[in-house]
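Report on the following structure.
Labels run A, B, C, D, E and F following the written order; every chain starts at residue 1.
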Amino acid sequence: MSATILVINPNSNQAVTDGLDAALHGFRHPGGPKIECVTLAEGPFGIESQLDSDAVALPLARLVQARDDASAYILACYSDPGLDACRSVTRKPVFGIQEAGALSAMARADRFGVVAISDRSILRHRLHLRRMGVLDRLAGERALNISVDESARGEGTFARLLDIGALLIGDGAEALVLGCAGLARHRAPLQARLGVPVIDPTQAAVAMALGAVLADG
Amino acid sequence: MSATILVINPNSNQAVTDGLDAALHGFRHPGGPKIECVTLAEGPFGIESQLDSDAVALPLARLVQARDDASAYILACYSDPGLDACRSVTRKPVFGIQEAGALSAMARADRFGVVAISDRSILRHRLHLRRMGVLDRLAGERALNISVDESARGEGTFARLLDIGALLIGDGAEALVLGCAGLARHRAPLQARLGVPVIDPTQAAVAMALGAVLADG
Amino acid sequence: MSATILVINPNSNQAVTDGLDAALHGFRHPGGPKIECVTLAEGPFGIESQLDSDAVALPLARLVQARDDASAYILACYSDPGLDACRSVTRKPVFGIQEAGALSAMARADRFGVVAISDRSILRHRLHLRRMGVLDRLAGERALNISVDESARGEGTFARLLDIGALLIGDGAEALVLGCAGLARHRAPLQARLGVPVIDPTQAAVAMALGAVLADG
Amino acid sequence: MSATILVINPNSNQAVTDGLDAALHGFRHPGGPKIECVTLAEGPFGIESQLDSDAVALPLARLVQARDDASAYILACYSDPGLDACRSVTRKPVFGIQEAGALSAMARADRFGVVAISDRSILRHRLHLRRMGVLDRLAGERALNISVDESARGEGTFARLLDIGALLIGDGAEALVLGCAGLARHRAPLQARLGVPVIDPTQAAVAMALGAVLADG
Amino acid sequence: MSATILVINPNSNQAVTDGLDAALHGFRHPGGPKIECVTLAEGPFGIESQLDSDAVALPLARLVQARDDASAYILACYSDPGLDACRSVTRKPVFGIQEAGALSAMARADRFGVVAISDRSILRHRLHLRRMGVLDRLAGERALNISVDESARGEGTFARLLDIGALLIGDGAEALVLGCAGLARHRAPLQARLGVPVIDPTQAAVAMALGAVLADG
Amino acid sequence: MSATILVINPNSNQAVTDGLDAALHGFRHPGGPKIECVTLAEGPFGIESQLDSDAVALPLARLVQARDDASAYILACYSDPGLDACRSVTRKPVFGIQEAGALSAMARADRFGVVAISDRSILRHRLHLRRMGVLDRLAGERALNISVDESARGEGTFARLLDIGALLIGDGAEALVLGCAGLARHRAPLQARLGVPVIDPTQAAVAMALGAVLADG
């Protein structure tokens, strides 16, 4: 099968793209859809502000249009930047990882918690969850308060994840969503230590994209 | 990889199980998880009433316990019978196809419609969607009013699906969920004719299960 | 009048049935409906798990069918096991005590708290309240963490009830619901001590059943 | 037992009070609570406007204070006038019949319809149901468009009730609430003809009051 | 332009009316609408209870009717007493300051906090916000626990406002509403100190009234 | 007073800006804040698509930063483009006209209807109203299906507005919001003909901005 799932890293940090690529290794099989991770050249080095998020909407839509060979698209930034823009230029499935992460958590537990990178993104995420109509399923969101770049590289990240995850479980979370595209390598050990399902949102979105693409296969 | 996703048909109609098996063919790849479809021997020939739905809860939980070799479980009846029971006996992921179908539709469109088999199941589905907290995303649910067995075999089913689907789009549905495990072969042609995403809930659940299983791969 | 309200204890602990019977003494009047408390022979000794709850659905429905001489039915376990099953086999009123308890509390105060027997039942109760669409009226639910059997007999239960009740009032509860069929004898003293309405859910359900039955009288 | 449930007709139409009294005949039993129906002397002849409703709040509260011999109070006008006022002057239970009617319908069916007397009261009722947080359970409300006085006396009322009830069932109502204190005599025949539970709100409130009073018995 | 916005102080404390008048000084411009503040002679000295609130509904409606020369009306008590009554006697705009304050805060921030005068009013306010359908936007409400009269005069009020405001920000409030008509002079300094928008509800209502009146200009 | 309220037309059609300017004439008074209408040079000729809406977010934010002499900002396009972006670059009030229009309608009536320019914008508006948590107050939204440019100039627009407005009133709307910045001149005649409040969203936003600016005056 030649179908391609295009995973777009909206920031221009190739290390983040490489991390995505590695995190999705297990989703590739001989004969299965191709999962291709690309970097948005026009993106900022990290999407850490509202302006960063707004800045990538049109470049993302152009990339989706340019890559009309793909069968599904994944916007691999937890703020779901450009989601409406990309959906408006194609009838193929476009998944935002915040949406996919939250919806997948809802299939695993009643109330979920979100580990954000920074306090500054919590309001943005809350607005998106309310727009989805699923805010009542959120037990809480708490921030690591490190940069996206640090999250992809830093040593102390796992210890922070454990602390924040435990606080969210105390808030009532029965599953956790990693609120960033760059934390996938911590998913399995975090789940093992905390004893609740931990969702990597990019993996969740790729699974949904597989569902859409394979159904046509 | 030796992981198994166990898809359980809660009714005892082997033709339905065979249909499920065929519908999931595209989700199997060399080296990927095994997707095994089994029939619940204790199930009724079709789950068409509330009592049918309640009757299979414990047999399903026992089957889940007996098959602890599996990595994830899918309950392939749209009423999500036994979902709480099965989740209470394992820490592995258990997906109900109503939950998976609705959540997957929500990743594709704002408001979705559901095509039920029978008017008698609409109240049961509505209660479950409200329990999930996502009822505001439902544009409407309408019934084919045929039996589960007919849905898996009948000639006129596709014509009925087209009619009901068009009515739901008129209700505001921007995506459709097939509210039965036995309609998968109609998914692609229905989507082609109606021009909106059509979700087969068992495929949606298998995709989510792949996401959970492959992340550990 | 010969109308009978049938109160069914879904567990097989006769002491619990006897406690129900005593708690309903005040609801019986010459010429009024008969209030008959029966034990579900097939029930477990206590309904303490999801499986226990699912196991009694069909036996309860069969009992409702067998007792078609009754005019109304009450399922006297706070998890409302078998509620949908029983409603599907009769057009007469069937009351779940969780539903009746919560709705009655809502007629007395804006936000109510629930005293659960065990932490394990809190998720089950929350799902039912969300399904009812009334979760926003819940101030909180907290558990005694004693067994159903202990709740019907234990010495220290009242002291625990006082503590938990006070915490729930601190959570914002303006009324309390006893989240178990076996706590009725503590209702009046607890209300006297805490100064907010305390609802015994079986009594609440019997009152609603009286309303349904007497209206036809 | 000497407990008294005081049912207050907030309008000064004695015929309405007499109708209430007759409708509650079946709720009185030897040894049971006294159910006393009184007319608010200061009330207008019918509560047909917002000003009528506001005008009776303080007189109702004064009557509640004057009658501190009663154990529970019922405000028998579907707009629940003076409910907050009366609750602020006593710690004893005060039931509004709109609240009791809606909550009782919710114990019988998932979605209910309301038969209003007049289009002018529909907004007032909707605001109260939203305030209760239960508006999602309302299938619809439709008006007879007759006066309160006519509703207590008119010949053609039952035919109108049948028509409006059928329309509400078409809207999705699985139970009906009579949105007026003066329609009780139509309840049983309407239920018999329409085949869904029909709730008289004053009877529903009296049943809840019995529950509160008898629990202390 | 001769249009008049009539601001009605529902209590009979002229000092409160004078405070309103001073707080609205900046809203008056040559050629703009007249903003006239009047005292409800029939009102209590302060509206501190539910009965106080109910008692002014009809006098307010009569005043609105008597002053049909005005183009818009503002009910300057945070419990929005008589709002439905006044709206029922005129087709001109009638603004309650709780509604205007909450809605204006929602135009400035996602979640807002309310500073109440007294714990006794918090339930009343919550019921009104739920009736408006906007309770999910409330981060919290906390009380100063001083009298309305003190709030208009007291020395220590500002220090209390700072404390309570900081607690509400800790609750998640991104804007604050002063839950009383008599706190306007503290608005600007409180906003300066706390760093979040602080809304005086009477000013918010006057701004909305200006919008309604000037659009016709 | 030298305070300036900056009203930004995000499209580059100067005729629309001139229409805004004319519609706001009545809001200017000697000594009052200056109300300045400007055209976003970088904007498209009309904002008719999702891409148009996303394209102006950053230019709007830059304009807000460049005009830090202003005291409040209004984004005069009903899709509220760039609202989050602009709010992230200033602590001064930024009003989106969709938010201001909806919130102002909620101060005038319980349920409101929206007259959209085009069917294509209805989903975008619904998502924003759900994000605001006020979707339950929407009676319906219906489109004129004319272009923004036509709406500012066309002859037949008023007749269409009458038709669509009447349909929305039939849907239950008790007030209407004009879902476009270019329809202000039709507001007063439409309100006169339909008999319900009609809100021009730019006027509503300017009123809220006056409230914020004058409070500091």
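Here, contacts are C-beta pairs under 8 Å (C-beta built on N, C-alpha and C of every residue); 3 or more make two chains touch, one makes a residue touch a chain.
Values in this document were obtained by computation on a predicted structure and should not be read as measured data.
Peer 1: Which chains contact both chain C and chain F?
Peer 2: Chains in contact with chain C as well as chain F: A, B, D, E.
Peer 1: Using the touch definition from the top, how many steps at minimum link chain A to chain D?
Peer 2: The least step count works out to 2.
Peer 1: Among the chains here, which has the CA centroid at the largest distance from chain C's centroid?
Peer 2: Taking each chain's C-alpha mean as its centre, the farthest from chain C is F.
Peer 1: For chain C versus chain D, what separation do you get between their C-alpha means, in angstrom?
Peer 2: Roughly 25 Å separates the two chain centres.
Peer 1: Could you tell me the distance, in whole angstrom, between the mean C-alpha positions of chain B and chain E?
Peer 2: For chain B versus chain E, the centre distance works out to 52 Å.
Peer 1: Distance between chain B and chain D based on Cα centroids, please, to the nearest Å.
Peer 2: About 44 Å, centre to centre.
Peer 1: Averaged over CA atoms, how far is the centre of chain D from the centre of chain E? Could you give it in whole Å?
Peer 2: Distance between chain centres: 33 Å.
Peer 1: Where in chain B do residues touch at least two different other chains?
Peer 2: 127, 130, 132-133, 136, in rising order.
Peer 1: For this entry, which pairs of chains touch?
Peer 2: A-B, A-C, A-E, A-F, B-C, B-D, B-F, C-D, C-E, D-E, D-F, E-F
Peer 1: Within their complex, state which residues of chain A touch chain F.
Peer 2: Touch list, chain A to chain F: 49-51, 54-55, 57-58, 61, 82, 84-85, 87-89, 124, 127-128, 130-133.
Peer 1: Mind listing the chain C positions that touch chain A in their complex?
Peer 2: Going by the criterion above, the answer is residues 123, 126-127, 130, 135.
Peer 1: If you look only at chain B, which of its residues touch chain F in the complex?
Peer 2: 110, 136, 174
Peer 1: Under the definition above, what is the set of chain F residues touching chain E in their complex?
Peer 2: Touch list, chain F to chain E: 26-27, 29-32, 93, 95, 99-100, 103-104, 106-108, 132-134, 136-137, 187-188, 197, 200, 203-204, 206-208, 210-212, 214-217.
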